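Next come two complexes, and both contain chain A; in the first it sits with chain B, in the second with chain C.
Showing the complex of A and B:
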């Protein structure tokens, strides 16, 4: 298991390095010079321009700046946010917990709802409930996330005011005790997490339905049924574990989409996470924050897919032995 | 509904939207970007009928209310003020806004139809870019084999792991958004699935006899790839293209919704939803129609892809 973690960590390093290089090359290839973003549109005397370029190290050759950027990023120094006047690492450190909370909530919705719906469909295979859930899943997985978010606000926060429509905390919550603040944050996160998680849950349900249907026709399920195991037991204890492996892999593969989707959901719901910060930074031409956010989002995905692999190895012994024997 | 019927229904929806988008200039619709009367026409709910005055040259003025004066003349009210119609030949009429109007008084039906042009063209071209890039990468990797194959497919895996929207935001910050950049950017961040699929197909036919025969006959690597190997991947590519179409339309909509896609005043479906976002509480219809249209196209594209996959 430790070997698996180590190998995956090592394979993640070139990927992160590749992303750093790619983003750097993109900035170099973009029209205009970075200093123009700093100076805005007004007329600036050439000597001021040169002084600012020198102050930010923008007058040095690209390779030197590339090596500096990698060296600093490796030590956790991601530069200075131009629009917020704070170190980028502090800006992102503030934005990371809300995003992780949102992603965790969405992942819980994705897996729990996806497995529950998929199992329901298999129990009622071929019936009206099965067909109805299939159609609902197709619609939910196809609708744009931001539109789902707006409709959720319209229906569940305005027409029937169950959930708060926006932001991550109530007005005046800063003065509350920590548990009250936490509960308040979770309460505000329910709707965003649902909007982010439900479309992925639909995909999971579809795969689980297919996987369970296949597993139910297998010999070991037949054997369990012949021994007189109840329907529920056959489904939960025999078929489900066999069908769960692909679902975990799928959830891991969907992580980049989840992180991307979180960006849109955060913008729609005014959720103060990484997506919101990145979006504001793009609008403010705050390049250091955008670069660092792309990097951090990639690291999150790599870490997440590592967790998915470990989860897969824990859930399915065949994966462990296969990996070990193929080494 | 069987799979074939569903696929046909999806194809019908796509064809219908394609026809509507193509025929948009011929349809009797109002100018999608015109704001003829912000006072009278702003945020009208669907199926609204509005009093209008049609002049002899065909130009239309809108009014809150019309009345016949005792002297037989015509007066109209905008807001609080009544104005007498002075020019001759003006006739009263009723204008219908089927899907309502937005906060600038623009007709949502014509914006939805003209938006289909932008969204579908952007989606189609982006899907094409993705399939061409992905197809080339997969074909070259599969045919070259060895180290080139390993490097290209590793790069494909790596590209899959980058959260797409973050990268697109960075690109949008660096390059001024336009229809062309949106198409290229969306295509350039979604080619990976096509590369994997084509790569797999190429590997499965690479060692077959007809490829060896072509090679022995002296076919150049380019000819070998395009004429002998690629046709076998065409079916897979077709499925991927239709799936990609739906996803590209969605991605373009996300970018436009964030204000980083096709720039206003051009109507694209994502931009229309963004327009409706601020008026969600009092004018639900602005964001609702383009959302339904988007979901419909994406569902249709995935039904078509499902049907096509089942046939191969």
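Showing the complex of A and C:
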């Protein structure tokens, strides 16, 4: 297992470098100059434009800027954000915790709800509940996220004001005790986590239902039944591990998406996370932030894929056996 | 729609309220919703309107513009200044400061005013508003409470130029070299001379201003805190305003105004936005180098319909480069009428007909929904006289690059003016790219002469006459088709009292005099 982790980590390094380099080239190839977005809506003298370009090092050749950024990034200095007036590391440090919190909540919703619904559907296979949940899942998985978000706000923050409509904390929460702030953060995170997690839960449920249905017809399940195992035990201890493979792979691959791709949810709920940081940086041609965000997302893709592989190996003995024999 | 808003709000820029200050209550938190965040907490490196407007409440200026620039150059109410006078030579302005201190207790002196001026004109800082200070030769701190501005000549807006920009503390800002100002995190400098001090900033989420403890116990501001909640989705902001989660939002889309105004307890405050949008014609390219062709195209664009259909009445047809709310504008100058028949006749005389139609690409910046809609509207309107228009939206940087390189036929864009209208950098013969913003390649000896005369005018009445002639020249030549002057719409909830928006480009100018009903 350790060998697998080591090999995957090593193979991730060129991938990360390649993606960052490609991102740099793409942003550089875009027409126009970043300084144009730092000049406001009024006429600005050309000498002022030149001075602002020089202040941010934008007057240097692209290769020099790229090599400088790589060199500094290797030492942990991710540069200066043009659009946010702060070091990039602080921009990410502020955006990452809310994003991770939201991702954890969404992942929990996705897995718990997805597995529960999928299992329910299999138990009631072919019945009205199965059909109803399938239709509901299809609707939720295909509904636009912004619409789901606005509906959730209208329903649960305005009509029945159970949750706050936006932001990651209450006004004045900074002065509260840590437990109170934590509870406040969780309270604010419920709606966005639901909106982010429920559509994915519908997909997970669909995969799991199909996997469980297949597994329940397998010989080892029949053998377990023949040994007198209860219905619940057959489902949870025998069929579920066999059906979890695609679900774990799916959840692992969704980790980077949850961290970097929750843009719509972050916009609708005013959630101060990585999606908005990345999106705003792209619009503002804030190259240091774009590169740092891409770097982070790529590392998460590698980590997510690795976690999925490890999870798969832990859940399914056949995978462990196969890997051991292929070594 | 205008009738509705007038009925709701009384005069533009003012919410119906009790007499200003009557029964004003102290305390409370005003929560403002915003779709954008601040970019930097230093006015001289920030380009973000919200940040600059908030910074004006933190770093006070010598005087506050009074929003009375319709008839004459704006007057100023003293803020840090106690009084001012111009010497007999006409070029020396002496400002006497009030006794004041920074929020950390350090006295605010003439040395701070002098230091601020050195920052404003420093090439290393690269303040985009530095042109406001180009006629100030030097600033002398005569004594701790007296500062003297020396101008290179007398002109109408001397006082406005001297007052422009918040005074910054030398004992704090002076520790940062000017060359490092653009890469310094100014949110760490929690000091103020204005009514509020920045108490916390959670980027992307929330800005909190607290009452400056040294702003006095009896005067403004009335509220203890101003919290700006950053929510990028305007629909969510409107929902929060309706639910009472926020007290104020700026930038209600015109198409939403009627619905927002119908929300119980919510009041719209439409106010003048010092901007105009226009179609710029490429004067370096045929047939747009011909003023008659440009005029014909203007005649065929129904600008009133654009204001009514796309701005929902929140705006007015623009007559020329001088904003109608500005003292220099000439009310006798009227917009070209909508006259498609005359346009067709002129274009036929230039050889364009059904067999040989005039066709061109009309570009704008992607993401600006109003301008994108304007290009489509113009396509439809010009199509009625046989002109073939291809609308296209480009990402902002690409849009600007094409324009500066002259690779365009026509484009829809706008100018927003903070303070003075710098027409020389837009229409001057010396302002062709890369030296200026005359991307339409407008060349007129008469316009250059008038711009020069405006620059040398010793008083505002002389300047106004020259401005009128310049506006007429540009009106006749139509390097731009002037489309509309827009209005912005703010909305306040039921708890907010005495919120006035009467200073163009500074909607939060009266923030310290509003108060929250309990």
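Definition applied: the second predicted complex is superposed on the first by the 283 of 327 C-alpha atoms of A that agree within 3 Å, B and C clash if a C-alpha of one lies under 4 Å from a C-alpha of the other, contacts with A are read in each partner's own complex, and residues count from 1 in each chain.
Definition applied: contacts are C-beta pairs under 8 Å (C-beta built on N, C-alpha and C of every residue); 3 or more make two chains touch, one makes a residue touch a chain.
Note that this is a predicted model, so its numbers are computed, not measured.
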Where does A:4 make contact in the superposed view: on chain B (first), on chain C (second), on both, or on neither?
neither
Between chain B (first) and chain C (second), which, if any, makes contact with A:265: first, second, both or neither?
neither
Once the structures are superposed on A, label A:293 by its partner contacts, choosing first (chain B), second (chain C), both or neither.
first
For A:154, using the defined touch cut-off, is the partner it touches chain B, chain C, both, or neither? Pick first, second, both or neither.
both
Just chain B (first), just chain C (second), both, or neither: which does A:30 touch?
both
May I ask you to decide whether A:55 touches chain B, chain C, both, or neither, giving the answer as first, second, both or neither?
second
In the overlaid three-chain picture, which partner chain does A:277 touch, first (chain B) or second (chain C), both, or neither?
second
Contact-wise, after the overlay, does A:106 reach chain B, chain C, both or neither (first, second, both, neither)?
neither
Would you check which partner chain A:285 touches, where first means chain B only, second means chain C only, and both and neither mean what they say?
both
Name the residues of chain A shared by its contacts with chain B and its contacts with chain C.
30-31, 146, 150, 153-154, 158, 267-268, 283, 285
Spell out the part of chain C that touches chain A in their complex, as residue ranges.
29, 31, 37-42, 45-47, 123-124, 126-128, 130-131, 179, 182-183, 185-187, 200, 202-206, 208, 227, 229-233, 235-236, 239-240, 242-243, 245, 275, 367, 395-402, 414-418, 422, 425-426, 431, 434-437
Within their complex, chain A touches chain B through residues 14-15, 18-19, 23, 26-27, 30-31, 138-139, 142-147, 150-151, 153-154, 158, 256-257, 259-261, 263-264, 267-268, 275, 278-279, 281-283, 285, 287, 290-291, 293-294, 297-298, 300-302, 305
Of all residues in chain A, which touch chain C in the complex?
30-34, 36-48, 51-52, 55-56, 80, 83-87, 90-91, 94-95, 98, 146, 150, 153-154, 157-158, 161, 164-169, 171, 174, 266-270, 272-273, 276-277, 283, 285
What does chain B use to touch chain A in their complex?
155, 158, 160-167, 169-175, 246, 250, 253-254, 257-260, 270, 273, 276-277, 280-281, 284, 287-288, 290-291, 294-295, 298-299, 302
